[in-house]
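One chain, chain A, appears in both complexes that follow, with chain B as partner in the first and chain C in the second.
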Partner chain A sequence: MSGAQISSGPAGSSKSLKYIIGIAVFALFLAAPLLITSEYILHILIMTVYFAYLAVSWNIICGYVGQLSLGHSIFSGIAGYVSVLLFIDTGLSPWIGMFIGGLFAMMVGVAIGYPCFRLRGPYFTLTTIAFAELVRIWLENTDEFLGVQLKGAMGLLVPLRGDAPALFQFTGKEPYYYTILAMLLIAMAITFWVERSRLGYYLKAIKGDQDGAEAIGVNSTKYMLTAMAISSFLTGLGGCYYAQLFRYINPERNMGIDISIETALMAIVGGQGTIIGPVLGAFLLTPTGELARSFFGGALPGLHLVIYGLVLVLVVIFLPKGLISPLRYLIRKGVDRK
Partner chain B sequence: MAFFEIKGISKSFGGLKAVDNLSFHIEKGEILGLIGPNGAGKTTAFNMIAGYFPPDKGEILFKGENITGQRPWTVCEKGIARTFQLSKPFGEMTVIDNIMVGAFARSRRREQVYRKAEEILELTGMTPLRDVEAHNLTATDRKKLELGRALATDPELLLMDEVVAGATPQEADAMMKLIRRIRDNNVTILIVEHVMKVIMGLSDRVVVLNYGKKLVDCPPGEAACNVEVLKAYLGERYVNPSDS
Partner chain C sequence: MDPIIIGVAVVNGLMIGGIYGAVALGLSLIFGVMRVINFAHGSFLMVGMFIPYWLWKLFGVNPYLSVVVAAPALFFLGYMVQSVVIAPLIRRERALVLEPVSVLMLTAGLTWIMDNLALMFFGPNFRAVQLDFALNTIQIGILSMNVTRLLAFIMSILVAIGLSMFLAKTDLGRAIRSTAQNRDAAALCGINVSKVYNITFGLGCATLGIVACFMIPFYYVSPSVGLGFGIRSFIVVVLGGIGSIPGSILGGLVLGVVESVGGQFVTATSASLFSFIIFIGVLVFKPTGLMGKKV
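So, the complex of A and B:
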């Protein structure tokens, strides 16, 4: 606050404070498996990072443009099935199958986006749900398609190969943790790059006023489809990871509407249209959900959904911009104290 | 070949003919005023030129090229920018970010776009408002932002829709100076305005519309004396041909 602060003023010191916090948090995450002794807690951590990854991917199209897609699990589901089927039928390593699955998901994303982006608000959301449910129900009722065994509602087991890193299978949990952590960091880096680029500015402009944006050169359909392609590809990669983590995939778990809603909730609660927001949301809601399931799951199944609903209501009332607003406030206070 | 020309464009909304067989041209470097009573079809004409919706009939030609029915972003890329009567700011973005969106129409590089936005802030006198979120601006500042954003797209033809509405006399004077500066920077201007001092003071020529049809197309001084124009604005009862 004094004159001497001017050169490294509030903006400068808040940046260095953010760097310090960021590095400390990153180091903590790297060391986590060494500090955690319980397998169960490591599993919760892996699931949390996984949902953070899904939320960050969802945010790239929905958070910035402000449309609510509740059918995103269609991408993780389709990509997961593609990579698992490629592995079962041709032995192709899921590391490569992942990218093929992601490409499939991207094509589906663009194909769905094209009609959906003509719709606004609730109509857009309902249509995304419709597409996702359509594919899920079809899969659930289809045992075989064009000679490929889909096994319908029974799902597919990924053949066990034991300790086979080249085939995306590990015996311990730690490699899975580091894989999803790396994926999360890459997704956040992509979000950062999009935010600063013309695409990011155009997406925010479309959210602000679509007609105004179009009048100054923004082809809204083209840019929304671009963001959708990135988001659906990344979400697809996540679905393939999930299939490898559990070595099992079925329509209800991987393409269900629950995952879509939870992903969207985490991004919204944490702070849409920001890089860290969706991560914060995932870190609040995933452990809460897991703990609710383990303590009350027997007596009160579905309680975790009730809790999610309550959290959403509270956040919308008290922190409409998401968890990220008190975080920013705290950082600014920390800077002012110096 | 005229710089800009519309030929016989018409638009109906249901039974209402908003624009009826309208034709006029604009010379490069001039300021053309488009005036007429409320509901005369001025904004509808703008909307068709900017590609917001296509005309039912007729052609729009820019630098010899037929741009009838092209989408707004294509029209912008070709060099025509427009402001909206009810300004459309990107509420949660800052003023400079708003302008950067416009500048991105010509370049992908962030540093270049940032510098262009700063120039526009300087030109429109909005530098102190740089980091203000657009939804916190006053009505007049929103209009300036609207103008700044359109200018950032480096237009050759600028369509301005009532930029002085609601401004104080001092603000109107400042806006007139700004518009003249814009014209001096090689931008041709088509301006819709109700404030007579502004439009008569700025325009090289005016086109007067009434009920979607063109009444006259002449220098401002002549238009003010034209009987048909007076009748359109003041009504039949108040205009006695023998007095003019």
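So, the complex of A and C:
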């Protein structure tokens, strides 16, 4: 997997360098709201961390197994709707609602994964798109289902409760920032655990050669479904967070194919199948996109998506392992020189 | 429900279904030969529709005449995209482990670039070509058919027949088919595989150029028109069986009828639900499609 673990000589110093960089970056992130005075910049940072979180969650199934899902928005959408509806109809705090939503997303993930994992390559991708579009179109055209008000394409507003931390509503942006930062760290810790567990080894074996892995007795469906359950649960939590951040949820924003593609894009550009890669991709692309949108959005609509597209094409052609691979090389080279 | 209304819906569905099938032809051809899913397929159609639109808008050229410009232009565009952007990946694929999703991501990136460049230059507006006879209809019994739609339907069938004939009868067609069967064996027989790939990709896009010119008299074009047709094309190709030309047309007809008849029972926007349900059903239960052979 990572070169730093395999090479034995400079591994020690490479590892300590990694820790130093890690702690420094972490401290910087903790202090970020104190250093940033502009509400807008903080919002961009929140969106960046949010996409990093989604990309890390996506990566757990898609990065490690090597299948491309372009339908992950189904999980963020369903979980978001569950938590918002629970809050509107029963007054249940979204802090609890998001876990119920996550469980819903997980059930959907396993239910979809079971037939999908028999398909490979493009077939898998197309089926994930089809499921996500199916649910989105149904939601957009359904105002009421079993007595629950869904309000179709209009979407649902999260009722305002003022400064109510217990109900996941804050007046400032800082608490939202720390929430998503904590979620990102937890998702990365889970990825770290998956990578080093038996599950991670099985997944990598399946990615290398699924038939071969099955031939030596790896129950590929079982392990892929386990990874899918983790991934869809985490993505679901992200969807609930998104709904709370904007206090609004609708099928297009929370379940559209754009969110799925952007999530996959971040992970692939950064480096799928690694812990840091998806975060790196999100931190490169989200601010670039947001800035392009705010500076040129009026005169040149769509410029940020042209940039995304170009970066994606270049990375797929020249850096198939993502941006993380040259970065690793540089760090190792720096350590060797010492 | 009234059988006449259903009958009209079926005929309308068949008409639009023929076009779905013709749009999907290129996708099916490219996948059949290169084993590559061209996610940017719909975007090529969008480009193909803008060419006759601008020729009509700026110079007053009849869109049906624009075929002689649009088809070669799309062929060239497809040829260049394949030889410059996708070919390096296929060359690498031959040396390393096969990564089918990388081409998918690459063409997804192309979709974003093409759609949003169009958005930057042309704006998000929906545009249409207005022809004098666009509203004329032909009356057959109780069915009335729009002339432009009928022309597009006939052209779709002709394009499919022409493509089949080309693949069956010409040397180049035989080279394409043999490359589809076995890339390495074809190369051993002296076929220039990378050139065949370029031509196949160009051909797949050229069919879009023809269909686009026949669609523009009755179908609005906008930078985002591609995605819907792209997704429908995937459905059609999966329904009909990948690489099968008659399958592509048949899949298109099925999809057109399902959408059209389904639209009589639910709101028009949710009619595409049925297509997705069929799509998932076929993929899960019969992944080789209606007319596909076992791989």
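We take it that the second predicted complex is superposed on the first by the 329 of 338 C-alpha atoms of A that agree within 3 Å, B and C clash if a C-alpha of one lies under 4 Å from a C-alpha of the other, contacts with A are read in each partner's own complex, and residues count from 1 in each chain.
In this section, contacts are C-beta pairs under 8 Å (C-beta built on N, C-alpha and C of every residue); 3 or more make two chains touch, one makes a residue touch a chain.
The shown structure was predicted, so the numbers you read here are calculated from the model rather than taken from an experiment.
Peer 1: Touch check for A:Leu312: first (chain B), second (chain C), both, or neither?
Peer 2: second
Peer 1: Name the contact category of A:Gly212: first (chain B only), second (chain C only), both, or neither.
Peer 2: After superposition on chain A, A:Gly212 lies in contact with chain B alone.
Peer 1: Check whether A:Val25 is in contact with chain B, with chain C, with both or with neither, and answer first, second, both or neither.
Peer 2: Neither partner.
Peer 1: Applying the touch criterion given at the start, work out whether A:Met154 contacts chain B, chain C, both or neither, answering first, second, both or neither.
Peer 2: neither
Peer 1: Identify the partner contact of A:Leu300: answer first if only chain B is touched, second if only chain C is, both if each is, neither if none is.
Peer 2: second
Peer 1: More residues of chain A in touch with chain C or with chain B?
Peer 2: Touching more residues of chain A than the other partner does is C.
Peer 1: Should A:Tyr201 be classified as contacting the first partner (chain B), the second (chain C), both, or neither?
Peer 2: In the superposition, A:Tyr201 contacts chain B only.
Peer 1: In the superposed view, which residues of chain A touch chain B and also chain C?
Peer 2: 208
Peer 1: Considering the complex alone, what residue numbers of chain A touch chain B?
Peer 2: 196-198, 201-202, 204-205, 207-209, 211-220
Peer 1: With touch defined as at the start, can you tell me which chain B residues reach chain A in the complex?
Peer 2: That would be residues 50, 52, 71-73, 76-77, 81-82, 84, 88-93, 97-98, 100-102, 104-105, 108, 110, 113, 134, 146, 149-150, 152-153 of chain B.
Peer 1: Spell out the residues on chain A that touch chain C in their complex, using ranges where they run on.
Peer 2: On the chain A side, the touching residues are 66-68, 70, 115, 118-119, 121-123, 125-127, 129-131, 133-134, 137-138, 140-141, 208, 257, 261, 264-265, 268, 300-303, 305-306, 308-313, 316-317, 320.
Peer 1: Under the stated contact criterion, what part of chain C meets chain A in this complex?
Peer 2: My answer: residues 31, 37, 85, 88-89, 92, 97, 99-102, 104-106, 108-113, 115-117, 119-120, 123-124, 223, 227, 231, 234-235, 238, 266-267, 269-270, 272-273, 276-277, 279-280, 283-284, 287.
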